[in-house]
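By written order: A, B and C. Residues from 1 in each chain.
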Amino acid sequence: MKIVVCVKQVPDTAEADVKLGSDGRGIEMEGLPLQINESDNYALEESLLIKEDRDGEVTVITLGPESADEVLRMSMAKGADEAVRLADPALEGGDAWAVALALAKAIGGMEYDLVLTGCMASDDGMTQVGVTLAEMLGVPHATYVTEMEIGDGSVTVGRELEGGLVERVEMSLPAVVTIQTGINEPRYASIMGIAKAAKREIHTKSAADLCLDAGEAGEAGSRTKLLKLDYPPAGEGAEILDGTPSEASAKLANVLKEKGFA
Amino acid sequence: MPRVAARGPQAFNTRTGGHMPTLAEKYELLACIQCGRCTAGCPVSLRTPLNVRKLVYEGQIGPGPAGAHERPQAWSCTTCSTCTERCPKGVKPMELLIGLRGKSIERGKALPAVRDALESTFKHGNPWGRSRDKRAEWADELDVPIAGEGEAIPLLYYVGCTPAYDPRVQDVARALVRLLEAAGVTYSTFGTAESCCGNEVKRMGEEGLFELLVEGNRELFAGHDVGSIVTGSPHCMNTFLKEYGEPVGEVVHYSQLLARLLDEGRLEFKGSVEKKVTYHDPCFLGKHNSIFDEPRSVLERIPGVEFEELDRSRERALCCEGGGGRMWVEAEEERGERLADTRVKDAVDLGADVLVTACPFCLLTLEDAVKTSGCEGKIEILDIAELAALAL
Amino acid sequence: MNDVLVLAEHLNGELKDVTFEMLTHARVLADAGGAKVAAVLFGSGVGDLAEKLTAEADEVLVRDHDGFANYNSAVYQPVLADVIRGREPSVVMIGHTAFGVDLAPSLSVALDAPLATDLIDLAVEGTDLVATRQTHGGKVNERVGFGDAAVRLVTVRPAAFAPQAGSRGGSVIALDTDVPQEPAFRRFVEYVEAAAGDVDITKSDVVIAIGRGIKEEENLAMINEFAELLGGVVACSRPVVDAGWLPKDRQVGSSGKTVKPKLYVAIGVSGQFQHVAGMKSAETIVAINKDPKAPIFQAAHFGIVGDLMKVVPALTEKITELRA
């Protein structure tokens, strides 16, 4: 079973004070730790579980700058066999369409039974690349998958819908499945393992290698156009009860008392 | 700003191939005569299925377990090192346990909480999942010196991850700063550039990450020409002293520095603390480094303090079970009373108002034990720096 | 401007809220551009749903067919693509739901049309339409254009627009577009309801919800104590379930439960829209978070910016004092 996993390196902004770059088209990356996108990590784990269960070969692929090699090495340390980076400044800055097209060109040239992606990137929140890729490859897809069972030339998945309702779908292989968090328990990649993986080759591909011309790659190849980034308007928001933890708590305790909770 | 995560893994070499030593060869287990002193002295063997002697035996008679994932009890060890110290044949059972954890880590079979702590250390330089830019927040309302790029640091206050981030232990760091100020000590910190010393990482068995941290810290220290170091935790001190290979400078625990400042007359107590006080020896201060007298000498010099020893003290002190990665791991099939509960009850029985300790992990586990042992309101847990600061 | 087309989403005989939200905004757009609003409804036996939509749209395009008994993007997509090709709307709105996310990107490839997802706003600016969406966990707003495309596809975040009842009195138009057989390459199997657990968080007046900010399972003890004090149940965000700290039936949000308690306290929850979707209707919402920029403060009525490890014990103490 040949599995391709699409992974993305993203900045961890959960607790960070996100600052916009001066051109209003990106955020300041300085000081933000980089990591594998959360749901991609679950997708990777799922591929490794399949590989362990029924023999297989896992290729991880990413589109991104050199720093993204870190995510590929981490994936290899965990057990991925091959790593590919679509490494070309011309490919960067694209929308979901452009990213999916580059991935489709790369994956289309490989042998594969299953393509796994995370269901959503935590930075841009597009929730779009996996399905776009499937359609470009001309294979079936299923999104938000929290259960997966490989059959004979087929895969049965559980898609998590609103309210926790699960829709079970059967697809023929090859197929693209976008993985939702919580489907498994991702493993740890030891630093020794990552160091060993650093000796292994990461195959790189340029826009030319993918037979993409200038108008098809990156920003030029995008169907949507990024106009500008802003901070969200302050809005009404909550009444902030300030002071030390003890002072603020005293205020809140009083509010709760007034409302009959305390 | 130096960042552990940014260094990349090429920074160190992997061990190269050749014959893979067996557990027996690697940890010289054949010297073991199965006398059982290790297990007899093991504080957690009372409470969990961990049987150190048996694990050594398994390694003697065969290839032994493939890792801690096959013998989960290996995660129950607090690395207090009693077993290693008591072994009459010089075997190092504790190293074997850490080695078994390491084998699990290599196979990606770390427990989830351990995995998260390790990934956080790699990413943010601390095991608590907190971002690096918040590392100096504990000092926000204080005037704590932070060394500028390349600035020499004759005396470094190495705060450590738990005092930097844990809200309870932050109080200890702040108390210590007040004491240093009162004594007119010139010192500096690394602010947000400080990274984990690697103590817990090493004990969780993640040797590669530990080496990465050592390298990063060495570089950081060298870049500031660090003279001596006072650490905010006995665990950091122990690691700098014993596990960094070449010494990184003179390293002391803050209780030693406080004792010295009192000796030299630089630190004086103007107030008093009218309390009956007893003291819990942290394993990494006492058992591991034989620092028994300095903390006691500080306590005894605090005006008003009536000091009394616990029955099991100094070398015989009970472990609190917070070390060796155990802040992240629940022991296997626990039974009986937690050692920290026993410790708190002993202190209550002694009639102490305050149980003092000198380690962030001990402080947290003992404070938790006050609740779990039903001793709320009966006793207070304080760090030695906090008690001393009360007498300023 | 041409039509604004809205794909109606429904399950178990009920139209989803997001459908009415989209239609409300579609009317604003259509009025601004002098265009019509058309709702598209696919399903099996959906006559009464079509009737409900007549007030909301100028036209209700219905394809009632067995093949739509269950959702399958492989069936929906070619039919919807045909309808769009036939009518050339300026914009097609689809909910940013498990259904829409599965469908819209493949539609975009089939039509070679630009797609902007998870919109919180869409506005006519000059001759163009400009979408607003959020990135980096709600900390950044991104404005996106569609170039010179004739047909624009968007998915719209649930609850981004407040629904208002329409009074269009539109006509129902039955379509006869071909509906393909369910293809062998993707077959619907069944729906599986989530298993019920020991606690029903939707029944409690007080819900104390924790997020990833809780950092360690151990800290649950402190939260349980706090919840007990207020007579509430403990609920959580998705990562807490992923980590295995609480069972799935405690999860609040779009893929979890929707709760409407009198009091909701969100502790260490950042407030991503998928979470907010499940608790925004609570009567009083309190947020405790270290990060003053966390989006949860936009959803909350009262907030404390601070470390939960300090605030929760302090709050427990203050409430206990007040009671004494």
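What we mean here is this: a contact is a pair of C-beta atoms (placed from the backbone, for glycine too) under 8 Å apart; a residue touches a chain by one contact, two chains touch by 3 or more.
If you're wondering where the values come from, they're calculated on a predicted model, not measured in any experiment.
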Of all chains present, which has the mean Cα position farthest from that of chain A? B
Comparison of A-B and B-C by number of C-beta pairs in contact, larger one: A-B
Roughly how far is chain A from chain C, centre to centre by C-alpha average, rounded to an integer in Å? 20
Per the C-alpha centroid definition, the whole-Å distance linking chain A and chain B comes out as 37
I'd like the Å distance between the centres of chain B and chain C, where a centre is the mean of that chain's Cα atoms. 47
Can you list every residue of chain C that touches 2 or more other chains, as numbers and ranges? 244, 307, 310
Any chance you could list the residues of chain A touching two or more other chains? 15, 185
If I count partner chains per residue in chain B, which residues reach a count of at least 2? 112
Listed in rising order, chain B residues that touch chain C in their complex are 112-113, 128-129, 166-168, 328
Residue set of chain B touching chain A in the complex reads 1, 3, 5, 8-10, 12-14, 105-106, 108-110, 112, 114-115, 118-119, 122-124, 130-134, 206-209, 211-212
Can you list the residues on chain A that touch chain C in the complex? 11, 13-15, 17-18, 20, 27, 95-97, 100, 119, 122-132, 134-136, 139-144, 156, 158-172, 175, 180-182, 185, 223-233, 235-242, 245-246, 248-250, 252-257, 259, 261-262
Could you list, by residue number, the parts of chain C that touch chain A in their complex? 11, 16, 71-74, 96-99, 101-102, 104-106, 108-110, 113-118, 130-131, 133-147, 149, 155, 183-194, 206, 212, 230, 238-239, 241-242, 244, 248-249, 251, 254-258, 262-263, 270, 284-287, 290-293, 295, 297-307, 310-311, 314-315, 317-319, 321-323
Where on chain A is chain B touching in the complex? 12, 15-16, 31, 33-35, 70, 73, 78-79, 185-198
